[in-house]
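Each of the two complexes below includes chain A, the first together with chain B, the second together with chain C.
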Partner chain A sequence: MKTASGLLLALAPAALAATGPAQAGEGSVEYLYSNYHEDDLPASRSASGKAAGRYQVDSHMFRAQQPLGASDDLSLDLTHERMSGASPWYVMPDAQGRPVQVMSGASISDIRNAIDAGWRHDWGRRGTAKLGLGYSQEEDYRSWQFSLEGELKAWDGTQSVTAGMSWFDDRLEPTDGGSPLYPGRVIEAGKQGGSLYAGVIQVLTPRDQFRLTLSTLWQQGFLSDPYKLAYITGSASTVADSRPDRRVSGALSAQYRHSLATPGLALQADYRYFQDDWGVQAHTATLALNRSGSLWDWSASLRWYSQSQADFYAPFYASLRGDGLASSDYRLSPYGALGANLDIGRRLGAWRLGAGLGVYRASEDYALGSVALPNPGLVSWRNGYLQMSRQY
Partner chain B sequence: MNMMTAGRTLTLALLLAGSAACTVAPVKPWQRAHLASPAMAWEMRPQVASYRQHVEVSKEAASGGNGLGGNACGCN
Partner chain C sequence: MRLHQHEFHALGGPCGLSFHAEDDAAARVSAAVEAEVRRVERKYSRYRDDSVVAAINASAGQADGVLVDAETAALLDVAATLHEQSDGRFDATSGVLREVWDFRSGRLPEPAAVTALLPRIGWSLLRRRRLADGGEQLWLPRPGMALDFGGFGKEYAADRAAAVLRAEGIRHGLVELGGDISVVGPHPDGSPWRIGIRHPRDPARAIAAIDVARGGLATSGDYERCLIVDGRRYGHILDARTGWPVADGPASLSVTAPSCLLAGAVCTLGLLQGARALDWLADCPQPWLAVDAGLGLHGALARAEVA
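The block that comes next holds the complex of A and B.
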């Protein structure tokens, strides 16, 4: 990453209860190409008074699953991503005192490569266990992670308990850190952390099932964004983005699936509540219709998201806070977002071809409660993908 | 939220879920045809879901919920 911000985590590829394309004893290979494209920053929210291009990512993802005997399988995920464009740098007031965004310039050009390997053991009706190891590398960032997950099923198969833990160790060496051009930018830093989750899955009726999961994530180390600044109006100057060096969060997730009268047609309703010790509370709700037929499958989903701001966040500051914390990152600002996704797939013998489109729009208008001073850097994006998979 | 609070909330939520589960009438194996449909999966397309979660987590303050954190990126 040549310039760029430095948050955060991505979720590991899912819990054991997720149904993959390959059933027990079957192998599979999958390839997915995706393009992610952020909408331009509007001229009305730009400090330059002109619309500005933002970020885009081309991703190639390869996944293979290979059975080892009747009760074990190995999985391998490879990811190659090329990122380019510009990202929000800092926010300052315009002549009327409204916050406007200063962009980094189209200077990001980076590649991310990641590898994740997993081993899963299946105890049949009793449950499963999975061990995972992952590594991700960018020009200025590298991350190791380790995970262990398990599912224990009740004797009648209608109830199960899931649990998992992970640990990660990240290292970053920001581009131009400590250079004469960016003397306030950190040269080298690290962060570590881990997560835990536990949950229950319950079959309610022959057509309904429910899942409840509680998870917690803790991080410590350098949690600031080395590529962002915060603006101090009193001195008309900027300071480096500075956040607490510790963060603990928790999330409660509820998922419900209902099979409709038409065979292979199901309703999906998901909700997640999130809270952390930086003062952020967030709600996420997803509603989807899923169809699975012998030849065609499709899904249509709507997603709503709303978060409150971090305690130390402000679009800009009159003077430096007493604790020295400062961040104008839109991801820590109060806002809401609406997203929609459409997926479709077609089976051709052992092959399956898939495609999908997604749109996402963040706005203060979608937030739970009113937002007095919206961050001008709120992002909207589009993405599309093509997927090809084969079972053997 | 500290670890103690998170632990207490986890215990309470799981106890409530467990209590609710005890009141559900068992569903027999021969009644599970609809439940076995791929459309009823928690993630119908795991690779696509993993990709979308990666994007959302890098653009929002919230994370977690159904699985594990990790596999960090220096995402913009």
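The block that comes next holds the complex of A and C.
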């Protein structure tokens, strides 16, 4: 049976095209609390032989959005995060030569504050442009970000081209850098980078939409992790994590979205291929079912990920490489991962309440191909959030 | 800055706007909004022989059809969606039923006369071809077919008028065109506009009040034009598939939505559901208020009842 929510969904594009974006502009405020919690490192993968707690992040975000005239709107995001726990430090072989994880001894406790401002201009049926500026600060880190995005719609509204660029400039001053305790840790460093993307969205039928996006990211400067070490078995010693001072990557994403006969219900499939000049190749596939446009909205998704290792990565090294590069970071190791997310929201007049849960598990078993020496630090985590927003 | 009001007559009924502005801007703003309402009326009036609607209807049965601009094409998309979503109960070509339905006469039409008109009704008979400028070429294949923008034209005009208010720099104001309302923004102190909803059986009284800060509010009811024959009420909401009024629907329905066009669409299609209206509205994410024949109130806005 056709219903009012189906009518609103079906009519929204035509109504927007007829009356223009003016009526769409509503101000809103939103608060979001989220918790990210990494599972303990299992005893079997820990150098100490005991399970060890890992990282967790409590995050509070406040967002306000305000229309400015008929076709502009401004947004402001304020984020406050508290990170705590321990993180992987280095990997060493155990008595059988299997890699085991050494965790950072001291418990990390840090606070991150971030502010992001955005300005969006709407040309109605022709397209939109968005400008963003962000600043984020931690005790040992600060980052500036700038982004510019645009979308151009084709005349009949069935095709649009999107393009964007972003730039960042980060400075880091690691805790205890250059101190007698951590002489190998850098005192101060910086990195910069930028990204470019371009994509096309093609509406195939009123129910089917295809999107293709090509993107590239380049980074330069200090790309190592100042808090990680790599283990050299020959000398039974550690060296600082050391990576190339340049990284260029490219990615190709394809998305297919199909609206089902039930109004508001859509199936979405995504695939992304990633490659960089450190030798990492990665595949991501996501399948999601979304329901929107009625009092209740929800989304359920499943994601699979697999990557190959960086050329210079090893869980540990027999001797220092000729080029001096060394990293045992699990994020540069070969692995695969599975993730699932469930989000649900309910509208109550001008209010919307939302909640979500996510689980993620990285494992050598999920990778394409076989992994000879899995990194013991591969992470599993769960997160949850509560959100409330109000339109005014 | 203070509250200014301007009233005029257009689209077959009383129109008004209320907005907060500096005194020296008020006359210019009022004139600009009224001019926009009159532009939409002139363009889509079925009573003017120089309107777009007249040109479309004059082309019925012609091999070349008629060319219409992008604004009209966008409204035809709205009409197409309403037809599809109502399973044909709403049909922008059903205006020909006015040839037999005269709600001032006190008499029902002959059933045979209604049936005789049905072949001239049929949105799905229309042929449309998009043109590169956003406009389109449109064919009404049968002579005697006619299109009109009743059911969404006035709501569209309200949204257009509100867009002009906004373009004039007004942040606090609303436009009302014969009961269809488009709100630009709340009063300067942030309080919403309180809008009385007419009692369906007593035009002098309000049955409820609805607060609107932004977006559209549309109300439609069986009281606007109706025939009462042998104690039975025949409302002006005609089912295009049969040519007869929908029976056993709500006496009145009010909906708020991001735009008046959307609110009006829910109202129109909701009333067309007849006895199934409340089921059809059950999953509506936008707040609504239905007054049933027994004057009971339903929907999220029912709490706003006036004592």
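Here, the second predicted complex is superposed on the first by the 366 of 392 C-alpha atoms of A that agree within 3 Å, B and C clash if a C-alpha of one lies under 4 Å from a C-alpha of the other, contacts with A are read in each partner's own complex, and residues count from 1 in each chain.
Keep this in mind: contacts are C-beta pairs under 8 Å (C-beta built on N, C-alpha and C of every residue); 3 or more make two chains touch, one makes a residue touch a chain.
From a predicted model like this one, the values you see are computed outputs, not experimental measurements.
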item: First, second, both or neither for A:Gly193, with chain B first and chain C second; value: first
item: Of chain C and chain B, partner touching more chain A residues; value: B
item: Partner chain in contact with A:Tyr55 - chain B first, chain C second, else both or neither; value: first
item: Touched partner set for A:Ala326, first chain B, second chain C, both or neither; value: neither
item: Which of chain B and chain C A:Ala230 touches, first, second, both or neither; value: neither
item: Which superposed partner A:Tyr392 touches (first chain B, second chain C, both, neither); value: second
item: Chain B versus chain C as contact partner of A:Glu138, first or second or both or neither; value: first
item: First, second, both or neither for A:Ala240, with chain B first and chain C second; value: neither
item: Shared contact residues on chain A - chain B and chain C; value: 1, 4-8, 10-12, 14-15, 17-20, 156
item: Contact footprint of chain A on chain C as seen in their complex; value: 71, 74-75, 77-78, 80-82, 84-87, 130, 132-134, 156, 159-160, 162-163, 166-167, 182, 213-216, 257-262, 265-266, 269-270, 279-288, 300
item: Partner chain C, residues of chain A touching it in the complex; value: 1-8, 10-12, 14-15, 17-20, 22-24, 26, 69-70, 125, 155-156, 293-295, 347, 349, 392
item: Chain B residues touching chain A - in the complex, by the definition given at the top; value: 1-3, 5-6, 9-10, 13-14, 17-18, 20-21, 24-27, 29, 31-35, 37-76
item: Contacting residues of chain A [partner chain B, same complex]; value: 1, 4-15, 17-21, 30, 32, 34, 36, 55, 59, 61, 63, 83, 87, 108, 112, 114, 116, 134, 136, 138, 140-141, 143, 145-147, 149, 156-159, 164-168, 170, 172, 193-195, 197-200, 202-207, 209, 211-218, 248-253, 255, 257, 259, 263-266, 272, 274-278, 280, 282, 284, 290-292, 297, 299, 305, 307, 310, 331-332, 337, 341, 343, 345, 354, 356, 358, 360, 362, 379, 381, 383, 385, 387
